[in-house]
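Encoded as structure tokens, here's the structure I'll be asking about.
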Amino acid sequence: MTVALAFEQLLNGLQLGVMLFLMAAGLTLIFGVMGLINLAHGSLYMVGAFACAAVAAWTGSFWIGLVASLVAAAAAGAIVELVVIRRLYDRNHLDQVLATFALILIFSEGTRWLFGSFPLYLDIPPLLQGALTLPGGTEYPVYRLAIIAAGAVVAFGLHMLISRTRLGMRIRAGESDREMIGALGVDIRTLYTVVFALGAALAGFAGAMVGAIQSVQVGMGEPVLILAFVVIVIGGIGSIKGALLGALLVGVTDTMGRFLLPKLMVLFVPPAQAGMIGAAAASMLIYIVMAVILAVKPRGLFPAAHA
Amino acid sequence: MILNRETLINLVLAALLLAVPLAANALGQPFYITLATRIAILALAATGLNLALGLGGLVSFGHAAFFGLGGYVAGILAAHAFSGDPLLFGLSGTKQMWVIWIVAVVLSALVGLAIGAISLRTSGVYFIMITLAFAQMVYYFAISWPPYGGEDGLSILVRNQFPGVNTMRPLTFFLICYVILLLGVGLFALIRASRFGSALQAARQNEVRVATVGIEPYRIRLTGFVISAMITGLAGALFADLNRFVSPSMLSWHMSGELIVLIILGGTGRLFGPLAGAALYVAFEYALGGLTERWQFFLGLILLAVVLFARGGLLGLLAGKARHG
Amino acid sequence: MVEPVLEISNLVKNFGALRATDGVTLDLRPGEIHALIGPNGAGKSTLIHQICGTLRQDSGTIRFAGRDIGAQTGAERARLGLGRTFQVSSIAPEFSALRNVMLAVQAKQGSSFRFFKPVMRDRGLVDTAMTMLERVGLTARARIPAAELSHGERRQLEIAMALALRSQAFLLDEPMAGMGPEGSKSLTRFLDTLRREAPILLVEHDMDAVFALADRISVLVYGRIIATGTVEEIRRDPAVRAAYLGDHA
Amino acid sequence: MLLDVSKIEAFYGASQALFGVDLSVAEGEAVALMGRNGMGKTTTIRAICNMNPPRIGTVRLGGMDLRGKRPHHVARLGIGLVPEGRRCFPNLTVHENLVAAARPGKWTLERVNGLFPRLQERHAQMARSLSGGEQQMLAIGRALMTNPRLLILDEATEGLAPVVRQDIWKAIRRLKADGLSILVVDKTLSELLPVADRCVILENGRSAWSGKAAELTTELQDRYLGV
Amino acid sequence: EPLKIGMITTLSGGGAGLGIDTRDGFMLAIKNSGNKDITVVTEDDAQKPELAVQIADKMIQSDQVDVLTGIVWSNLLMAVAPGAVAQGKFYVSTNAAPAQLAGVNCNRLYFNAAYQNDNLHEAMGEYANKGFKKMFILAPNYPAGKDSLTGFKRYYKGELVSEVYTQVGQTDYAAEIAQMRASGADGIFVFLPGGMGIAFMKQFAQSGVKIPVMGPGFSFSQDVLPAIGDAALGAKASGQWAPDFDNPASKKFLADFRKEYNRLPSIYAVQAYDAAQLILSAASRASVKDADAFRAELLKADIQSPRGKFKFNTNQHPIQDIYLTEVVKQDGVLTNKTVEKIFADHGDAYAKDCKI
């Protein structure tokens, strides 16, 4: 193992982290800030990817597809909010769980109904193809750098939106006391629809961006859902900074775990089994990390000052 | 005692669950017995979770860990009994259900104690996620651990035995599960009405208040969590025997989610909520699955309709709001 | 002099740069009502929280019934006999008023780890709780879910719960808040009898009640006690008038 | 009349809490809403703001029927509410609480800070950790920042130190002198009556008496308020 | 003589594509036969073992089916097949073929019409012997993944520079690709079914790493190829069938399938098609009520398989030829082209453990 490889893996870890953040960004808004348990987040992610793939195939342009993913996911989000979520704000969190669980089923099967059962083709745009040589000599895919950039922009934008704007204040106020913010003259209902749609659009955006280097298929949102929750909770609910750092931590832990644990296991067990045991340990690693973090810091690493 | 509406509905539910398999048996339709057994077992698992979730407000997203643990206890003990290889410390496997149950319950309690002791340091959504984290660890462990089949799971070639009866007869096995379900529900009822149950429910509503009258919420919750794990673990052992098969999918987060869904569907914290939820869910899964390949779509629509229009789940719809005396 | 029931010395609590209680020393003697008054944000509730264990002090000691309780949990202190009410009512909203009080009774009577006997069939539990509700005048509302009680009724419920604990000392954080004139008057009368059961540390902004009830008054300003004395002494104290009473006296 | 409430009946779920409340507030007038605990004062206020819309009866603000209007709409028509129990947004800072729902007008951050210097000192603190009294000030400041035509105060001086209460009553008087209409619920008659032009007394969810503050005799007080 | 077949397969969720090809291939053969005595009931297992068991129970106890078939995944098959054969029903597998059922736990009523799980990996191991000195091999960390690498290693004689297990359902392979780049390997063997493979191939193509990639046939089968896109071009795989097979049965199958469903069939469709042919052929000559006779007819494997030669081994798993295929683009459509034969009349390593 060389230093260069270790460095590259670290970079891969960070990159995965930013990608996770991008996937979690919409959920940070809907769950972290609005306080809504949205299990259908992965479905919105899927909607974005499918919209992008379908439109890109039709028009031949990834970029038009990307716009379509935003529009489709935002529209899906707005409809979901208007028809379902709106009735659940003053209910128990558990009702949200059941409702959004039902939405997963509806979205998955609905998507299959529309697009068939086979994975769709979605490739990265020509502009972002190829690899770049980083200082130190490693080649790195341009598209992955683009994902890092997109993640950074989203993180910064969300942070500003939540903590610096009146809109952000109102969303947070709505989370703690919807009735009161309404009684002060804020149309919280419409605001929440808009914010939910925005969160959905972010999920869709991530679906399109990340979908281009993964498999665009029904069910693609499920692993994303769990990871996104993990990331947000490790970071501390309600804090964008926390979510970003949580995502980076998970990304690096996961990558380095996958990379190093099998090598480490060689020291203890025969090499034939080391790979498997190492891999098994690696797949449990982020959950172990999460449990340890929460056991020590029950409100996540960076509990939002305002949560 | 006057029969109030909820009690009446509960009695009807319990009677129906018994009547259907009896009728199916008489009509020579054993499959419906299997279906009813499945309902009974899932209801038992959910009753366990309901203790933590409905009474204690502890939304465990990791109860599949106990369900699967119970299942693997049944699978592993049976496999060792079959092969004759000794288990840990030279103990051998067994095909006796009651031994399996005891082991499943005790192990679930121990694991529940460990998971609960750490998880209960957190609260709210953090609790949901930390329990999920523990379950995921167990899940990934089971998937990649070869001796007991990994993802392929473990078959129990012949259903485990219970003294004096033939468990391979569907009706017999159903009756075993049914009795255990009733015992589980009875235990739930006793606990809910007891001092411990009062404290547990109060801790859900207002933790500070409970501490202020001198009760440690942590201990109450931990105890509740452990009891809950024990019941769900027992259900897992039965489930493995029903399918004669156990696999990591019993440990997956879908399973945890499904248990939660059963409870909400039936009515959170209600005595027969889990049974109502399980019956509804399994019945729809079965009926829709036979009708159309898009059954999950329609299942989704139905679940959605229940949340939106039946406040407090099925029992909430039928029996009105829960009262707390 | 009789031994004080509760003795606090040099209690300090910081919130970041803010020193909420700044070396508070105070005691509560048997049979007395000791009023703690002071401007908003002076640290009165913070002090109560520290005594009850909801907040941990940074330094200083708290002695209660002859022992140091500074390291114990809130629940342990409650079992030792510290009964309290909250500035904002704290109750189990889904339970009826009766079951709220029963919770306190069961905690007092002993273990909550009893799994089988239904509480509602436990006459001892129910009757004791009903007695407490009767004492605060909530008998008619016993079966109403606490969430549906009006503001004033919830305050009474909290007091009933503190009573049920048979506390050795009561810490009441603004019990009069939200009570109508009639309610305040009857509560004043009630507290006057309550002191025979156990001494009361009373945080209150209702000066009519404080002046009517208090044996001693301490005045907390910016986390420090600036004066302790009888009603008359405090009323006349110019510093207190400036910091707190204004022209109310 | 700025506010005109006639014969409203309101419910919590199935249980009726108001059985016919009449009430009006003229432009520039301060009206005290009184009654024992649990008689329906808060419910009346919630009904006016459509937070708990009356099932029967009408509420008019500046002649406009409020039926069917959502609470935020009612608020924008000019009602500023200081609710019972303060209900500051605990996860927002003091500053954010003030500006989150602010609408332009005479009342600005500076003026509110001038009225309650304490809030200025605590501007970056989370509302959750404010003392009770500070939260009360914040709730009033927050309502003022929406620049209402009618200010509704439900137990706004509850839990305040006497000096501060005096300040608040002074402020209320000043607001009234400014021409602001005020509907106020408070239990301290000695402070309330000098400010109020008129009083309306509720009993068991009905308006039982209304008249000039001066006409509220000791007998009436004893009869309805138990003083 | 009426015969009722119960098909349990995955028709919803992420793996639905495989189940749909299975069902369609199967039904094509049934339809072509014109046999009106045969009924097929189909249900979706949603890729959940417990649900598959429930459906199997229902089909056996309620629908009274005679033969079960259709399961795609090994873990579901392991849940269903032992119970089904214990209740005296035939099971004819259209895809999944875990080692246990081929070896010690083989059963007279259990047939496999596809291959044994290890076969395609073994073939790649054999192929890699020619011209690849250092191999990097990778599979998900679950039994099928381990079987796959075991199968590969059973035949590969060169040096293994690295043997990596990934997480089941993993979607990002940057870390593994970096290891590949650094490993100095001259060939890469991956077994990543479904979405995992799609993600891997796309990411591998972008990484700029130029080492040749090979895998088992279904990794580049028609259900995933369109989604991988040009990134798959040139990938070598092993298979018992490819669309360019030059025999009458294959041509007919291909034409019929395209006519019926308007798409290219995948290997799953072929396997299911053959499973149906097998059942049909046995049913036409024996009654399923006479299990021994029916079994004997099945064993004869008297069918025209698109694969060409096809017969059963002693453990009732196929003996067949296995070919090397390559992903190419034909008329703008990605498909597999046959390159050479790797194994002739290949059975499996477990048959010797099977005592029927």
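A, B, C, D and E are the chain letters, set down in written order, and residue numbers restart from 1 in every chain.
As a convention for this text, a residue touches a chain if its C-beta (ideal position, glycine included) is under 8 Å from a C-beta of that chain, and two chains touch if they have at least 3 such contacts.
Each chain and its UniProt protein: A, B = Branched-chain amino acid ABC transporter permease; C, D = ABC transporter ATP-binding protein.
Because the structure is a prediction, the values reported are computed rather than measured.
Asks: Looking at the contacts, which chains touch chain A and chain B alike?
Replies: Of all the chains present, those in contact with both chain A and chain B are E.
Asks: Using the contact definition given at the top, which chains are in touch with both chain B and chain D?
Replies: A, C
Asks: To get from chain A to chain D along touching chains, fewest steps?
Replies: 1
Asks: If you tally contacting C-beta pairs, which pair wins, A-E or B-E?
Replies: Of A-E and B-E, it is A-E that has more C-beta pairs in contact.
Asks: Please identify the chain with the largest separation between its CA centroid and the CA centroid of chain C.
Replies: The chain lying farthest from chain C is E.
Asks: Roughly how many whole angstrom separate the Cα centroids of chain C and chain E?
Replies: About 74 Å separates the centre of chain C from that of chain E.
Asks: Using the average of all C-alpha atoms in each chain as its centre, how far is it in Å between chain B and chain E?
Replies: Roughly 36 Å separates the two chain centres.
Asks: Measuring from the mean C-alpha position of chain C to the mean C-alpha position of chain D, what distance in angstrom results?
Replies: Each chain reduced to its C-alpha mean, chain C and chain D end up 29 Å apart.
Asks: With chain centres defined as C-alpha means, what is the inter-centre distance between chain B and chain C in Å?
Replies: 43
Asks: Indicate the residues of chain A shared as contacts by at least two other chains.
Replies: Where chain A meets two or more other chains at a single residue, that happens at 108-109, 276, 279-280, 283.
Asks: For chain B, what residues touch not just one other chain but two or more?
Replies: In chain B, the residues touching two or more other chains are 140, 143-144, 146, 294, 296.
Asks: Could you list each pair of chains that touch one another?
Replies: A-B, A-D, A-E, B-C, B-E, C-D
Asks: For a test of understanding, state which residues of chain A touch chain E in their complex under the given definition.
Replies: It is residues 2, 4-5, 8-9, 12-13, 15-16, 19, 108-109, 112, 117-121, 123-124, 129-131, 139, 141, 143-144, 212-220, 223, 255, 258-259, 262, 272, 275-276, 278-280, 282-283 of chain A that touch chain E.
Asks: Within the complex, which stretch of chain E touches chain A?
Replies: 11-17, 19-20, 141, 146, 163-169, 171-172, 174-176, 178-179, 181-182, 194-199, 202-203, 206-208, 223-224, 226-231
Asks: Where on chain E is chain B touching in the complex?
Replies: Residues 11-13, 42-44, 46, 48-51, 53-55, 57-58, 60-62, 74-75, 78-79, 82-83, 86, 98, 100, 141-144, 146, 165, 167-168 of chain E touch chain B in their complex.
Asks: Quick one: which bits of chain D touch chain C in the complex? Just the residue numbers, please.
Replies: Spelled out, the residues of chain D in touch with chain C are 12, 15, 35-38, 42, 84-85, 118, 122, 129-134, 136-137, 155, 158-166, 187-189, 221, 225-227.
Asks: If we count contacts the way the header does, which residues on chain A are in touch with chain B in the complex?
Replies: Residues 31, 37, 39, 84, 87-88, 91-95, 97-99, 101-106, 108-110, 113, 226, 229-230, 233, 237, 276, 279-280, 283-284, 287-288, 290-291, 294-295, 298-300.
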